[in-house]
Structure formats: C-alpha cells, structure tokens
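To keep things simple, chains are lettered A, B, C and D as they appear, and every chain counts its residues starting from 1.
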Amino acid sequence: MIFVLKPGVPQEKIIQFQQMIESWGFKTFLNTGTEHTVVCLIGNTAAIDLDAVVQNNYIVEYGKRVTEPYKAVNRTIHPEDTLVKVNGVTFGEGMFQVIAGPCSVESEEQIIEVARSVKASGATLLRGGAFKPRTSPYAFMGLHEDGLRLLLKAKKETGLPVVTEIMNQTQLSLFEEIDVIQIGARNMQNFDLLRAVGRFNKPVLLKRGLANTLEELLMSAEYILSAGNSQVILCERGIRTFETATRNTLDLSAIPLLKQKSHLPVIVDPSHAAGLRNLVTPLARAAVAAGADGLMIETHNDPSRALCDGAQSLDLEQFSNLMADLKRRIAFEGKKIIYH
Amino acid sequence: MIFVLKPGVPQEKIIQFQQMIESWGFKTFLNTGTEHTVVCLIGNTAAIDLDAVVQNNYIVEYGKRVTEPYKAVNRTIHPEDTLVKVNGVTFGEGMFQVIAGPCSVESEEQIIEVARSVKASGATLLRGGAFKPRTSPYAFMGLHEDGLRLLLKAKKETGLPVVTEIMNQTQLSLFEEIDVIQIGARNMQNFDLLRAVGRFNKPVLLKRGLANTLEELLMSAEYILSAGNSQVILCERGIRTFETATRNTLDLSAIPLLKQKSHLPVIVDPSHAAGLRNLVTPLARAAVAAGADGLMIETHNDPSRALCDGAQSLDLEQFSNLMADLKRRIAFEGKKIIYH
Amino acid sequence: MIFVLKPGVPQEKIIQFQQMIESWGFKTFLNTGTEHTVVCLIGNTAAIDLDAVVQNNYIVEYGKRVTEPYKAVNRTIHPEDTLVKVNGVTFGEGMFQVIAGPCSVESEEQIIEVARSVKASGATLLRGGAFKPRTSPYAFMGLHEDGLRLLLKAKKETGLPVVTEIMNQTQLSLFEEIDVIQIGARNMQNFDLLRAVGRFNKPVLLKRGLANTLEELLMSAEYILSAGNSQVILCERGIRTFETATRNTLDLSAIPLLKQKSHLPVIVDPSHAAGLRNLVTPLARAAVAAGADGLMIETHNDPSRALCDGAQSLDLEQFSNLMADLKRRIAFEGKKIIYH
Amino acid sequence: MIFVLKPGVPQEKIIQFQQMIESWGFKTFLNTGTEHTVVCLIGNTAAIDLDAVVQNNYIVEYGKRVTEPYKAVNRTIHPEDTLVKVNGVTFGEGMFQVIAGPCSVESEEQIIEVARSVKASGATLLRGGAFKPRTSPYAFMGLHEDGLRLLLKAKKETGLPVVTEIMNQTQLSLFEEIDVIQIGARNMQNFDLLRAVGRFNKPVLLKRGLANTLEELLMSAEYILSAGNSQVILCERGIRTFETATRNTLDLSAIPLLKQKSHLPVIVDPSHAAGLRNLVTPLARAAVAAGADGLMIETHNDPSRALCDGAQSLDLEQFSNLMADLKRRIAFEGKKIIYH
C-alpha cells in the first residue's frame, strides 16, 4: 500500500504521518519524487481502511494498494522514468549510452588504447574488469587494485566515466572514484552486497542472474532502492536455457517488461549473452529497436590474445563500424547519444 | 561431402557421376542452383579421396567436406539465399513479408473483416487456423474443412495468399489451394509429416519447437529439402525457459544464426513467443532490426471474444498502427514490402 | 463438475440423467468404475446448482467441482488406481513391470537373442523399435513392417508381450497384434494420434515430451481417455534443461506427483533420460524407491554396434545384474514382479 | 597434469620436485593422501614430456594428464572417497547422515524442541538458519547472531553437531563453534566466499546453484580444496527448469555423476528441491537408493506458522515417520547411521 502526498507538504507533517502508520505495526519508507512524496507501507496491509486514511489525513492526495512484492522500483509508485546521472552522462529519458571496453584490464597500454579508440568511435562510458569472477580458481582473476588504478588513468586520459564490477562489500572503499559499480550476474542475489551498495551513494549497474526471473531482478533492485540508493541501471545479459548454439539466450522481452513494471533504465549486454562476436551487431540493433536505454559491448584491442572472453569481443575496428551503424539507429528511435 | 559441378554439365553426365558414387555405397542427392548443380553424399565419407575424385572427373569444379549433419539446408552447399515465392510474394533477398490474421478462423464475417483490414494496413499474407492443436481435448479445435473454405473465400476477396497449419499428413489433399502450409511448433519433429510435405510442391512455414535447438530445426528442414521441396521458411516463435513473465522466451539470436548456417528465409512470431499483446510491438521492431525476413502477427477483430489466444492478439487498429511503424523500419533496413 | 452415481443404477437411468445434463448445453462422458459410475461434465459449469442436482436426482450419490482441466485422468473422479492389463501382465496396484529390449529391432537373430536373455533375467515385456523417429533424415529409421514382424516372432518364441512405438495414426492397422502401443516423447502432443489411439482398444504407453509439464502430460492422457481408452501408462523419461552432463534431466518428482493427481500407472525410462549406460542402475533404483510401477530399460546384445542409442544401452549381462538387484528392491517395496 | 609420488618420499624431496616444476612456469599444489602424495600442475602442460619427468625423477611413481578443469576434487587424483568428519559424525564411506531442523531459528523454545525431537527420531545433525538469504528485502531475514547463539544452545542440549548458512566472508569469525558451514545455492559462485572458507578449517556444505551445471559445482568445490580445505560435502537441491509443479527439479543423476567424477561425499535436500511437503518422502527414498551419503530435511515444530518455507517443512511426527522408513532403507543399502 502506498500513500501519495499532496505537493508541498512540510517535512514534519510527513514524519508525523509516517510515525502514525508505524505505530500501527508497519514498516514504511519514503520515495521522494520531483513533485510528490510517496509513503510506502511494508507488511500485510489488508486490514487498513485505505479510504479512511485518505479522508482523515488532509496531506494525502490518494492511496493505492500495490500487489507486486516490489514497491520502490514499481512504476505505480514512481510513474516517471528514473534518470541515472553519471558524471555528465544520463541513462533514461531519451538518452542512449554505450559502455565499451575489455572484459578485463590487462595493462596500461591496453586500457588506454581501448579507451581512446572507443571514445573516438562514440562510446560514452568505459568498462574494464579489475576483479573478475571466474568459474575456475586457476583462471586469470584480473589485476585487482592495479586494475582499478589503470582504469582511473584511462578515465583521466579520455574523460570517459568508468564502470567496473565489485565482488563483495569489503571492496567498497576501493570504488570511491569509480563512476558506476557493476553487480555481476552471479551476485544478483548476493543480498548483503546489494544492501551495501544501497547505502553507498553511487550509480549501480545490476545484471540479471543467469537463472533469475525478471521479478527476482526487480526484487534485487528493491534491495538497493529500499536501502536508500535509487541510482540503479538494470541490465539484461542472457539467461540459461537448453540451447547450446549460444552461451546464453538473450531475452529481449525483458526490455519492454522491465520498463512497464519499473521506472529504472534498462540496458543490454549482447556480448555476454551470445558469447559469439558475430552475433553482437544484430543483437545490439535489436536491443536498440526494442527500447533499450543503452548497450554494454565487449571491445578489445587484440581479441585473439584477450585474457578472458576473447571469442565474444569486438576488435576496435569492428566496434567503430558497429557505432557508426548504431548512431543512425539511435537517431531513428528519436534518442540522443552525446559524445564527450 | 559435396561436389560442386561445373556450369552447363549435361544431365546424363551428372547421372553417371551420381551412379558411380552410389556404387561406392553412398546415398546422394542433387541440389540444383541457378548456375551450379551440387551432388551431396550421405554417409561416412572419411575414406573418400576428395582430391582424386576432383582430378578424375572433369565435370567436377571442386569438392568439400561438410561437417554439419545438415547438408541440403547448409549455406556451404548453397551459398546464395533461397527465395521462397508464394503467389506473387517473395520471402528472402531484401523483401519483407508480414503475415497477419486470427489464431483461428471463426466465421465468414470474422475472417473477411480481418483480411480486408490487415490488407489495408499493409499485411502481405493472411493467416488463420482451421485445424488447431490444443492442449485440452475440450478446447475449441477450429472449424476444420469449413475453416479452410472460409480462408480461401477471404483469399478470393482480398487477393492475399493464405497460410494455415496442417496437423497430419492425411490432411494434405485438403491443402491444394492453400499457399503456405504451416508446420506448428509441436509438429516440428513429426518426421512423417515433414517427409510428406517434402514431397508436396508447396511452400512450408516450419516453426521451431518449444524445446528444440536451432540445429534440430535445421535437421527438420533437412527432412523437407531432402525429400525434394526446397521452399521452406523457418520461424522462430519462442522457447521454453524458467521465466514465467512471458509464455515463452523469444530467442532473437536465432535470426542471425540461422541465416549464417543456412540459406533459408527466417521469420519471427512475436505473438506466440510473448503471449502478451503489449510486447508484440517492441519484439516485432527488434526482429526487423535483427534481420528477419518477415513477421507473423496474430490479429483479431475482437480479441476479447477470440476463441483462442485473445490475450496475445492485436486488434485491427493496433495492427494498423504497428504496420505504420514497421513500414518505416523496413525501409530503414533497406528492405522492401510490396503491397497488393 | 462430476456426479458420482449410486451403485447399481440401471443403464437407462444413467442415460436419462446424461441426456438431461446435455440438454442444458454441456458435453458429458462416463467413467465407469468397479462400483460407481461417474458422469463428467465438460464446459463452464459455474451456473449449475450442484446441491439442487443431487437433491432432485435420487440416482446421484454426490457431486463435486473439479478445478483441474483434466477430468477423466483425475484421481478425484476415479480414486482407485487404474490397472492396465497387458496379456497376463498388470501395471499398477502393487505390481512392478520391467520392459527391456533394444532401441531398434535390427535382425531376427538380434531380437530373439535379446528377448530370450532379458526374459531369463526377469524382464516381463519386450521393447524394440520398428519405426524410429530420428533427428536426422539420414539416420537409420528402423525396419518398419519387417521390424514389427520380427518383434512378433520374438513374442511367439518367448511369450513376452511386446511394446513398440507408433509414428502416426495411418500405421494403426499394423499394430493389431502389438500388446502396448508406445507414443514417443516427440508425439506427446500429436493430438490426432492421441485421439486415434483413444479409439483403438489397446494399452498405450505415453511418454512425457522433452519440454512438457506434468499437467500437459495429463492433458495428453485425457485425450486418450476421453476418446474411450482408459488403458494408459504414463512414462517419465527426462526433460530438457541447461545441464549437459546428461542427455536429459530425469524428473523423479513426476512419479509421486502423477500418482497424486491421477489414477494411471507411472513408469520410468532411465536409459533415455540419462543417455549414459553407467547411470541406468542408480536411476532405476531411485525410480523403484520413489514409487514407480515399472521401468523401461534399453538392452542390446552388442551395444557397441547398436544402430542407435548404443551409449545408453546395457548389454545382456549388465541387464541381468541389474535385474538381480532390482528384484530385491521390488520385494523390499512390497511389490510383486511375476515372471513368465 | 599430476605426478603421483612413491610412498614414503621425504618432505624435502617433494619440495625440491615441486620447485623444479614451478621453475618451468607452472603453479603446483599438493594433495596428500593416506599413502601417496600427488603433485598437481596448473596451466597449459602440453609441452611437458610426461615420460621424461617420470624417468628422470625416481620419487615419481607415475604421471597422468588430467583433462577435466577440476583437479583437487577429481577422482583421478584422489581415487578413494574423502571422509568428512564432523564432531563424531562421518560423511562418506558407508555412513549415512540426516541433517534435520527448521528453515530458520525462530526462538529458543522452537529450536530446542525441534532439536530434541529430531534427535530422538534419529537425525544426526541439526540445521537452522540464522542468516537467511531472501528474495525480498522485506521478508524475515533470520535472528542473525542470536540465531547462532540459540543454535549452539540446542547443540549443547542435544549433542547434535550443527549446520548453518553463511552469507559472506565477513561473518566467518562468528562461525568458530559451528560444525558445518553451509554455502547456499545463490552463493555457489561467490568466489571470494569460497576462497575464504577454503582457508578456514571447518567442514563446508556446498549447495548446487539453481542454474549451475555439475561441472560448475565441482569447480566451486575446487576453489575450496585448492585453498587448503578438503572437508567439502556436495549437496544437490534441485535446478530451475520450465516445470512449475515443483519449485525446482531435483536432479538425482547428480549423485552418481558427482561420485564418479569426484571423491567428495554427496547429499540431497529434497525439501528445497520440491518445495512441497508431500514429495519429501518419495524423493528422500529415491536419494537413498541412488547412492546419496545423506539427506537434509526441513523439519519444524509448527510448519503452518513457520517464518519461512513452511509449505515444504515436515512436522515432528512426519519426520519421525520418515526416519523410521529411512532406517530400513539405509540398512538395505548396507550403510550405517549411528545415533547419538
């Protein structure tokens, strides 16, 4: 159940209203929009007489029962799109962002070469893994703190905001200068990590787990928003099915469904979904057409020697060709991509 | 293994060559292109000395080992796109076709109203089920022969070629005037039916099974082609996964993959994939962008009263709006859609 | 909705009652048990006043709303187990049956050698494919009518009832002397075939489709029962999942679930499920413990030279060892296996 | 590649041999068995001349190439079963263990009542969640440190060793007195947590992830073993499939496959797999028959009021009945269960 308050209600009246409801035995949290503040109730609200609450509290414009288990991420509560602003770059509301870069940061030369090249081609953010989750304990795990340092160097060189994956909450202090913290597919239900980034004031890129439903993805986003951080970008990256021709099956229905159900921006990672370089372009085009707010594209200066995921990485020229194609498509959709 | 013959080889030389190979214990079949005839060998050809065959038979231009289990549908054997021509409408090679109509033919008024309307909106073929596969023996199964008759009446009225589903090979004689025979998802591995339509000289629309890999879809097409009918259109319509927000998960990677591996045209059915009306438009747009050669869209004059699949059907106005949008996109992709 | 009639109601009273209900616009069918006859209504029965019908018709013992879409197979309607009797062998009610034999009948020597051996080891029915559904049109498809003939010869030699797969309804007349007609996984939703075997008076072994839910399996059985044939054995044989270590994932929950929801016997095919010989024994043991009424085990005299599915076939000695083990387990479960 | 050393080789010779191999650019780790020490090489060992190494190093009995990506958990390297010893209770080698208790510790009365009852029925370990991973941020998350304290109180009262789930590595110090640390399904690929428990000297119960292959489960166990902790128990608990009749699909093939490929004990959790109380008994029986080394059964004193997962919990009497049945089955399999 939610109560949408009238515009301009003073803070102390909101707090009084909240305390009254909590005295009835419910938890509440506030969702503060540009015009309205929404008070969300958590718990079994079946016994509350909604109309009586509206009539007896003049600060309430209207009340609504929210049947979905997610509240803060629900479009019902927050009908307008959330804009996630990252260092001059905006996700949502007619903007389109392209995050490009290698699976992992391998060396200063590599990340700076890639950063310069993808920026020239039109990418608007730089990605690069410093801490890499790997199925095998014997695989390359990334350069760790050195990787973060090199990524920030590439940011300084090019001005591109940077996106990189966190593995657990003890690493948070290392991510102070990172622009977007990525939660990988395997950590989508690492609830302690979700809560920790929810208390950290940074945009979060939340990837869908390999076997997670869209409702579960929204519930994981709810962990972050309900802890106080509403700067969340959702990312579809393929799910596990019986099909073996691709690494995962990209579920593009996720884009319109997530945008109907929630107010958060949605991007797509066709590289991890397909696991095959020659599917990246058609899937990226499809994602743009289906309404995505952005793309994440693995790009490497020398894919055949990449320390991970080379088979799905575009080389710098392929990425440049893809961007030339995507720019026309983004314009066709009436969206904007602003280059640095 | 295949042998591509030189252009202009006389028929009797081809037959002699074929007989020689068959005398070695292999089955063969011919694939006759516009310029070249290809002799395909079936069986374990490891022992054949490919170079010796080429040197000793002057009619052979070159030979090639084909490792995939599908031969006739393989792009290696037939590098140029197959064009499937249906009564003035062509699938493949820069053309785009939209098949629209109701899940099932319900009455003369219904099918003619729908046919006229979708034609006016720009559809290029009419669909409508006469024999309906239903999970429950108590559900509406279609009007059967009457349904076919009404569909042909709608064809006569509008000039639209018609597509309808066959349930088993004993019905083939009823499909003489139907333009495209549809094999439904549940029949994708009904091998006797595949062989029967392979001997029938009519275009076939072959839908991917709910739990079938792309390789299995190509093998089912191989049944039809190897029986003599190369007029096959492949159709992606969603696969079964753990996700319950949509009826099936549309696998758009299928479009580029099938087109890389085979020479057959590929269309997409977003209505059955999603099972939800409000996902049809974004998924149709995505399919166009991913390179599909056409779409199949469930459209009904009164979806709320449809005898089957109402929840996924567009009404006539929604379809008209979709077509207006798709025409711009088809043009953007450099493809043509020619209206009757 | 169903009405359970009192014991001993004369036939003409039943017909009168049925006609009265049909005059209200419902279809009905009868389910005749050992004591009670049950009248099943098909259609939206929400408007019927159940209590009034019971009070006004003295032949009715009680009525019940059946919410599941399956009626005839529903345990609510037919609480006692159905026994499927096959030529002296009974499926259900404390009996346990083992069907053994090769994937396909290959020659007279082969099938007779296998039949004699598996009988000596304790198998109670013989299987062997004559018409083989194969993914590839170039694979061995079985010996067809010759295969059936050889299977019947093996039956004559050993007295074992025989089970073999039908591919389509035009073959039914060839199956007159076959004891159990198998519907394969790929044909589980070949509805015309289901209806045809429903009108044929022979036990049917219905295998679960690779991507079909248990409810869909019950609906397919409903096709057969509602067409008049209640001699149906359900068979779990693995479903398609993301796991690649086995060919399919055997879903043993199917045994208790199917037995809770329906009154039909349930057997398990561990050979096709796993696709690996060395998993057959542990999975067969698990199936016995989970309450299966029987097993289907692929057994070949020379698996390394089998024309299909050799990798999952036991040889004759392995089968003999398995049977020795299973006999102790069947006795432990308090079930009987009677040898010919 | 591995080198199995002769029995009784002195430690300094082993270290010299290891240093020689590491000087060639490989990482190594030792696996010390009861008789033999095995030196495992990590990296691309294609260039090593295996025979030459054996001939030139008299301490080496033989060498072997290990093609699987998992080494320390591989049965090739460690052919005898690993026994995991927990406070007087042993997993593996003919022993059978039953872990019972509630989804979450709710109060002192509850956990002590359950502990006493399941002990009396024959359970050999007590489970109970203190930190609960929940899809919703608004659901009950467990009693945290208080839950651990109550669990240890129940251990003191009954003598049952206790199993409870860890959520992240920062909690490790709280688990000093816990007997078995559980890694839940959602954390199976939380690689930092795996490494941390690998350095902690306590038995670990590693649950298979909902969408993880058996190979991935073994790779996660490899993280723990390669970090120095070989006390790992694997747990199959159902995977995500399209079937909705059960919460997950229990994959019992996992038992024989994991035991063929690795030397670690394997247990089964039928409660979480099915999500339905009335499937627990048949699935538990099947797991025993398929060769499991133990079971984990959710048991609650009042399932209808359980704060989580009540629908799948047995009550105390149901658990007692199940144990009476299982004892006969465990004896039938020739395994022992020793009660405290």
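Methods note: a contact is a pair of C-beta atoms (placed from the backbone, for glycine too) under 8 Å apart; a residue touches a chain by one contact, two chains touch by 3 or more.
These numbers come from a predicted model, not from an experiment.
Asks: Of the other chains, whose C-alpha centre is the longest way from the centre of subunit A?
Replies: Result for max centroid distance from subunit A is chain C.
Asks: Taking the mean of the C-alpha atoms as each chain's centre, how many Å separate subunit B from subunit D?
Replies: Once rounded, the distance between the two centres reads 49 Å.
Asks: For subunit A and subunit D, what's the span in angstrom between their mean Cα positions?
Replies: Comparing mean C-alpha positions, subunit D is 34 Å from subunit A.
Asks: Among the residues of subunit C, which are close enough to touch at least two other chains?
Replies: Residue numbers touching two or more other chains: 211, 240-242, 244.
Asks: Should the pattern of chain-chain touching be classed as line, ring, star, complete or other?
Replies: complete
Asks: Which of the residues in subunit B come into contact with subunit A in the complex?
Replies: Residue list for subunit B touching subunit A: 211, 213-215, 239, 241-246, 249-253, 255-257, 260, 273-274, 278-279, 282-283, 285-291, 329, 332.
Asks: Help me check something: in the complex, which residues belonging to subunit D touch subunit B?
Replies: Touching subunit B from subunit D are residues 211, 240-242, 244.
Asks: In the complex formed with subunit B, which residues of subunit C make contact?
Replies: Subunit C reaches subunit B through residues 27, 42-43, 69, 133-138, 167-170, 186-187, 189-195, 209-211, 216, 219, 222-223, 226-227, 240.
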